[in-house]
Amino acid sequence: MGVRIITLMIKHFVLDVDGVLTDGRFHYSCNGKIMKVFGPHDNDGLKMIRDKVAIQFITADARGFEISYRRIWRDMDFPLTLVSEKDRYAFVSALGFEETAFMGDGYHDAPVMRDCALSFAPSSARKEAKAAADIVTESAGGNGAVMDACLYLKEFHFDRV
Amino acid sequence: MGVRIITLMIKHFVLDVDGVLTDGRFHYSCNGKIMKVFGPHDNDGLKMIRDKVAIQFITADARGFEISYRRIWRDMDFPLTLVSEKDRYAFVSALGFEETAFMGDGYHDAPVMRDCALSFAPSSARKEAKAAADIVTESAGGNGAVMDACLYLKEFHFDRV
Amino acid sequence: MGVRIITLMIKHFVLDVDGVLTDGRFHYSCNGKIMKVFGPHDNDGLKMIRDKVAIQFITADARGFEISYRRIWRDMDFPLTLVSEKDRYAFVSALGFEETAFMGDGYHDAPVMRDCALSFAPSSARKEAKAAADIVTESAGGNGAVMDACLYLKEFHFDRV
Amino acid sequence: MGVRIITLMIKHFVLDVDGVLTDGRFHYSCNGKIMKVFGPHDNDGLKMIRDKVAIQFITADARGFEISYRRIWRDMDFPLTLVSEKDRYAFVSALGFEETAFMGDGYHDAPVMRDCALSFAPSSARKEAKAAADIVTESAGGNGAVMDACLYLKEFHFDRV
C-alpha cells in the first residue's frame, strides 16, 4: 500500500460505480433492481478536479445501468460506460496505465489496480482490492470515499505538478 | 474543538440538511433522486428549543429540495432555504455570526463554522467539518446528531442565560 | 443497569416501535414518510413468548402509523396503539407497572423505564434511555434487539416462574 | 468454530436468504413488505463455484418471496424454495448432511449447522448461529458474506480435492 513514484501527469481518472460511488447495495422490489444509494460529498470532490483530469465511470451492472446513468450522466454530467468484468483490464489499458488513476472495490479490480499509475480502494472494499490498492481511503464507498480520493489527487498530485 | 466563550444570546440556529438531519445518502431510481432518510429523536430535540431560538434549515440540494421540503417544512414546520455552497457564508453572515449557531457536515462548511458563535458537526461529518466545529456530537447525522446539538444548546446555553 | 428483583409475574410486554422494532429511520419521498425498515429475528423472538405474556406495541408516530400498522397488526398480528409521548407514562401505568415489561429507545422513555418491573433498551437507543433501562440489549433496534429481549424474558423470567 | 475434517466431496451448498444474501432488513410501506437489500460481490463468488457444486437457496419468508425470487431465480438463476423454519432440518437432511454445506444466520439455523459437513454464518448473524457455525465470515450478510464463503469453499475444498 505504499505510494509509487508517479512520473507522468495523470490524465485519466476511471472509477467503478457500485461500492465506490454507491454503498454497493441493490434495492430490490418484486419488479427487480429499483434503487441504489449514492453518498454525500463525492460530487463536491469531483468538481474540484474535473478541469484537471478526464473523469469517467465504468460499470459491469447492466441491470442497474439506468439508475447509475441517471445519477452519473444526467445529474453529475460524467461519462459512464458499461464494461464487463472480463474486459475491464483491456479497457483501462487502452487509456494508458501510466497516465491513469483507478478506483475500484471488487475482487476482479485487483489486476487493474496493480498496473495503473495510482489506485484507490474505499475502506469498505473487498480485502483483495484493498491489498492491491496504493491508497485505501478513510471513508467507505457511498460515504465519501470518492471525495477522499479527489482530495488526495488534488493535494498530492495536481497541486504539485 | 474547545468551546468558545459565547458573550451574546444565540438568536439563530441554522442547520444544513443532508448529512445533518439525514444520513447524507441519496436513494436513486431510474427516475432520479427519489428518497432521503431522516432519523429519529431530532424532532424531539428541536421541539425543546424552538421557543427559545429561530431555527432554520439551508440546503444546496436543488434536485432533492422537494423531499427535504416535505419533511422540514410540511411535517416539522421549520423554514427551509435553498442556498448554494458559494453563498452559504454570506447567508449566515447576514444573520450575524455572533448570535448564530450553525450545524453542518461538509468540506465547504468549515469557514462558516469557524466564524459562528457556536458550531456543531455530527460524528459522521467530513473530517474537515469536524476539525472546524466547536462541538462534535456523539451521534451521527440522521441518527440523533441534531438531538444532541439541541440538548447541548438547552443545557449549556438557554438554561444558563 | 442492574436487574431488579421482579416479585410478580410479568403479564404485559409493551414495546415502542420506531428505534426498537425498526432502525428508527424514516424514508421520505416528496410524498412524505413512505417507508420504515423492520429487522430480522424479532418476530421469531416474539413468537417464543406470545403465549406467556400480553404483547402490545405503542407509537407516537401518527404520520407513519399506516406503515407500522401494516407490519405489526397485519403481518405480525400484535395490537398497536397510537399514544403521544406525553400520554405514554399514564398508558403504561394503567396496565400496572409492577406486572409490565417495557422496551423503548427515546429520551422521553426514561421515566416509564424507571417505573416498570423490567425495562429494555436497544444498544442503538439514546443514551438517556440506555441509562434508565434495566437491560441494554446486545443488538441494535431493527436488528435483533427485540429478539434479545424476548430471549431474556424467556430464559430469565418465564422459564423460571 | 474449528473446521471439521470433511471426508466426502461437498455436492450441495444450501443458503438461507434473509440476513445471508441480504442485510436481513425488510422495507415496509403501507402496502407491506416492498423491498429487500442485496449486496455486492456475492454473485461474483457464486459464479466461481457454480460448476462445482449444486447451489440452492431456501427461505421461510412467504411475504417477501416474490422479491427474493426476482433476485435469486430471475437475475442470478439459482433455485429458491420456500421452506418453513420447522421443516428446514428435514429438508437439508434429505440432501444428505455429509455432502452438504449450509449458510444461515438465525436462531433456528443452529441445529442444521451442527449436522452439515460444513456451515457458515455471516459476521452479522445471531450469536446462536455464529456459535454453531464452523466458519464465521469476515463480511456481514448482504455485504459480501456469501463471497467470503464461496472463496473459502473454492480455496480450501474444491481446489484441493
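Couple of notes before you dig in:
Which chain is which? They are A, B, C and D, in the order written, and residues in each are numbered from 1.
The criterion applied here is as follows: a residue touches a chain if its C-beta (ideal position, glycine included) is under 8 Å from a C-beta of that chain, and two chains touch if they have at least 3 such contacts.
The structure displayed is predicted, hence computed values, not measured ones.
Shared contact partners of subunit B and subunit C are absent.
At the interface between subunit C and subunit D, under half of the residue numbers involved are used by both copies, so each side presents largely different positions. Work out the mean CA point of subunit A and of subunit C, and you get 42 Å between them. If you average the CA atoms of subunit A and of subunit D, the two centres end up 30 Å from each other. Of all residues in subunit D, those that touch two or more other chains are 27, 34-35. Taken as a contact graph, the chains are arranged in a single closed ring, with each chain touching exactly two others. Chain pairs that touch one another: A-B, A-D, B-C, C-D.
Those residues of subunit D that touch subunit A in the shared complex are 23, 27, 34-41, 44-45, 66-67, 69-71, 74-75, 138, 142-144, 147. Interface residues of subunit B facing subunit A in the complex, by the touch rule stated above, are 18-19, 24-35, 63, 85, 105-108, 126-127.
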